[in-house]
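Residue numbering begins at 1 within each chain, and the chains themselves are lettered A, B, C and D in the order written.
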């Protein structure tokens, strides 16, 4: 169902990085204050909040919200693995679209560095039946199969990673901002993590927070008459549908094809298609994923991703630039906040405020994430 | 805002108890199958699911849902401390009311026995700055102050506990089903936990799962023509509003007065008042809470709770029976599922299917929970 | 031999053990409301800009309890009973904390004073301390008594 | 001296160490689809009533990788590299598991066979075992070869 009558009123994020001395609640507060300021309001004007985090904990969402104020607003913790931020945004957009809130906040924070440090010490990667496959290995399995099926070479994955590192250099809010042009050779020469993926093809472990405020379109037009209004028009969320070859045991994010059915649903709900998009953000926790999503999001046919990449179509300046902010690989992927960083980038682009990385004339954007378990979400935004 | 056009299509729960040999995912599956059977459908007919649990974990909600099938439906984890189950229900009701789903599921599971066993061993109750106040102590602070302000005696708290134990004896789905009439003396003679609260005034630690399926009222009338249709009409959710005397540090569920403002909002949204209610379920994790909520939910004036209790008005057969299923104290309080057990009881009562504990002619019911952090939710249901 | 707080940023640890510690709180630069613990955004008026202040060390007991089963519902309890309470500081904040004393030592409205308890010694030989409140022997215990 | 599974309900532990273990799976009573691990409700047709069956022990390698940094992004790695893969059982299920061998030992489409690795000894002196797949030396490794 198309989302009607909701628009983004404010965005804010704390640059993803390692913050050993700052609590998650304080990172959330700072992102929330930036978004409130961007919207021109205080928490008193917010009718409902959805707080996203992945870290295994209860009740800390509302504790984080208290750092922004105690206004009595409804607060609900939303979690959907790596898709958490976009799903919190979806809830906020629907709270507004359904009329139960005039202004709703989606806010997320996580400290991956804490989670890595506090992970069970027995997690040696091979002494638990249900944990033998780490995310890097899991996506490496995709990469190996793709190389087998389509003749894809590690150079293709490296080219995507290099592109996203170099996009990150143009984004002041990117975790990784290389001081030189990252090359395919450099990516390939970095530590081999799991055949054929290297460390520079993977997202970093970082901390961060991000926030987006959604309001009724009327509210946004009234309060922000001089700004281009960016509206979420579709938010499709799917879990895994059964198909032969489904794996049940071990960390999974579902078959790659989840992205195809979820994108189809989003396009249908919005009455739009891939050709209408001016930029796309996708779950590039590992570079080879982006190649799959070129096809699964409908930007080229099956097995044509490499050609799209080689033509430069998915780089800034190309036909459909992917991960203009650096993606998970450069901008970072703390967990819950990742999806809201995507909203931050799409809104910045559609407002025309993306500076050196501006996609000229961008009017429509897509944000996609997959999450362990497994879920997939595809969100479409447009401006007038 | 009043919830329009949503009705409960199915309910199911696994009796709360200790289940050392059953996983949370399997408990959830069993509750879900019962609710699906009660609704007369399979998972294929469900458009969206909200999974509630409190236990500190990510991604297990969707893994639990997979035990019911892999249909691709959107699945989102909702957490709001002890209020989790009702908040998952609220999301399901709004998914239907907003039109984005025709049929939505709220399902929750938790294993408190695991959480107690796995709690950090350093949790001695006094060697962490932010954890010095256990829930029993926190609510004992309320009880002590009430005794000071209103001359309430431990006998009052014991009378509420005894009532709820005895209600539990009439409920096949209650964890505690005493084989004799529990007396005030018996409750007072049990282990003193925190002045003035005794062990029998407190809920048990247990495991369980519960599920409720919401569908459009049209759908329910069409598919269940011979059954009384129970509709959620309001679901108010609030976090703590600042007031003098607010405590920020240590586990808190917010000032008791949160319940007053949340109830007022729910009544206003539904166009109903306390006099319209035929039964109420409230957060009686500790018996003294229920006494406070008599007043805060509007069933009597401030300081009049003891009189309401002494008159038997809040027992089965009285004017406004509270916790007809035994409440948290007897029926149990595994965490996430608790709110959905409340939905189970309200729906069973309003359908007229509560057997020995049936509130005669019950047409409207209230379900209330508070959650750490702090939040409060008040939900109103009615039938024709 | 030095004393260090169990967690930084909540209370002072005076060099002189005879000196009472103080709570580290905030005061809103706009409306003047006080908070404990520290916060940046005022919970009352939402002003972004609270100033650091020290609060206490005395206050009045709003409510208390005495915990006889410290790890209620957890089976491996090996700690003794203890008191907990909420203390209203003269500046406004209500503070939940451990109390020193037995169940017969507390009365609502009585004057309390902050002190520090040594929990253990850390690897550097420092005493790790936590804050708590004790009945203020010098002050009147009856409700409504004037604040010092 | 006995061997016990790291977790019950996933694979058999034959008394004879030379005998290959089998996977503990399910078969839908309605549509006949097979699953690993066991489940009650059919993931394909939603029928509530799957039957216990044993699956494998051989299968064909769908994809594989070799993990050089087992605790990637965690700093205290003290385990060696290892292979992981997905193996398609003749009955249908695709199983993710550890692989035995080095990075040069694997080829997509090759025949694999389930075996058990001893991880440690438990307090009762039993060997705790985990399942894994090895290249099936006796079988052809080329894709499209017939299943045994």
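The rule we apply is simple: a contact is a pair of C-beta atoms (placed from the backbone, for glycine too) under 8 Å apart; a residue touches a chain by one contact, two chains touch by 3 or more.
Because the structure is a prediction, the values reported are computed rather than measured.
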item: Higher-contact pair (C-beta pairs counted), B-C versus A-C; value: B-C
item: Longest centre-to-centre distance from subunit B, chain (CA-based); value: D
item: Distance between the centres, which are taken as Cα means, of subunit C and subunit B, whole angstrom; value: 33
item: Centre-of-Cα separation between subunit D and subunit B, whole angstrom; value: 43
item: Centre distance in Å when subunit C and subunit D are each reduced to the mean of their C-alpha atoms; value: 56
item: For subunit D, residues contacting two or more additional chains; value: 39, 43
item: Multi-chain contact residues (two or more partners), subunit A; value: 66, 69-71, 242, 246, 248
item: Chain-to-chain touches, reported pairwise for every pair that qualifies; value: A-B, A-C, A-D, B-C, B-D
item: Residue ranges of subunit B in contact with subunit C within the complex; value: 112, 116-117, 119, 121, 123-130, 132-134, 136-137, 140-145, 148, 191-195, 197, 199, 202, 204-205, 242, 244-250, 252
item: Contact set on subunit B toward subunit A in their complex; value: 1, 54-59, 61-63, 65-66, 69-81, 87, 91, 94-95, 97-100, 237-242, 246, 248, 258, 261, 371-375
item: Residues of subunit C touching subunit A in the complex; value: 39-43, 46, 48
item: Residue ranges of subunit C touching subunit B (in the complex, touch as defined); value: 6-7, 10, 35-37, 39, 43-44, 62-76, 78-79, 82, 84-86, 88, 92-98, 103, 108, 119-120, 130-131
item: Touching residues on subunit B, where the partner in the complex is subunit D; value: 26, 29, 33, 42-44, 66-71
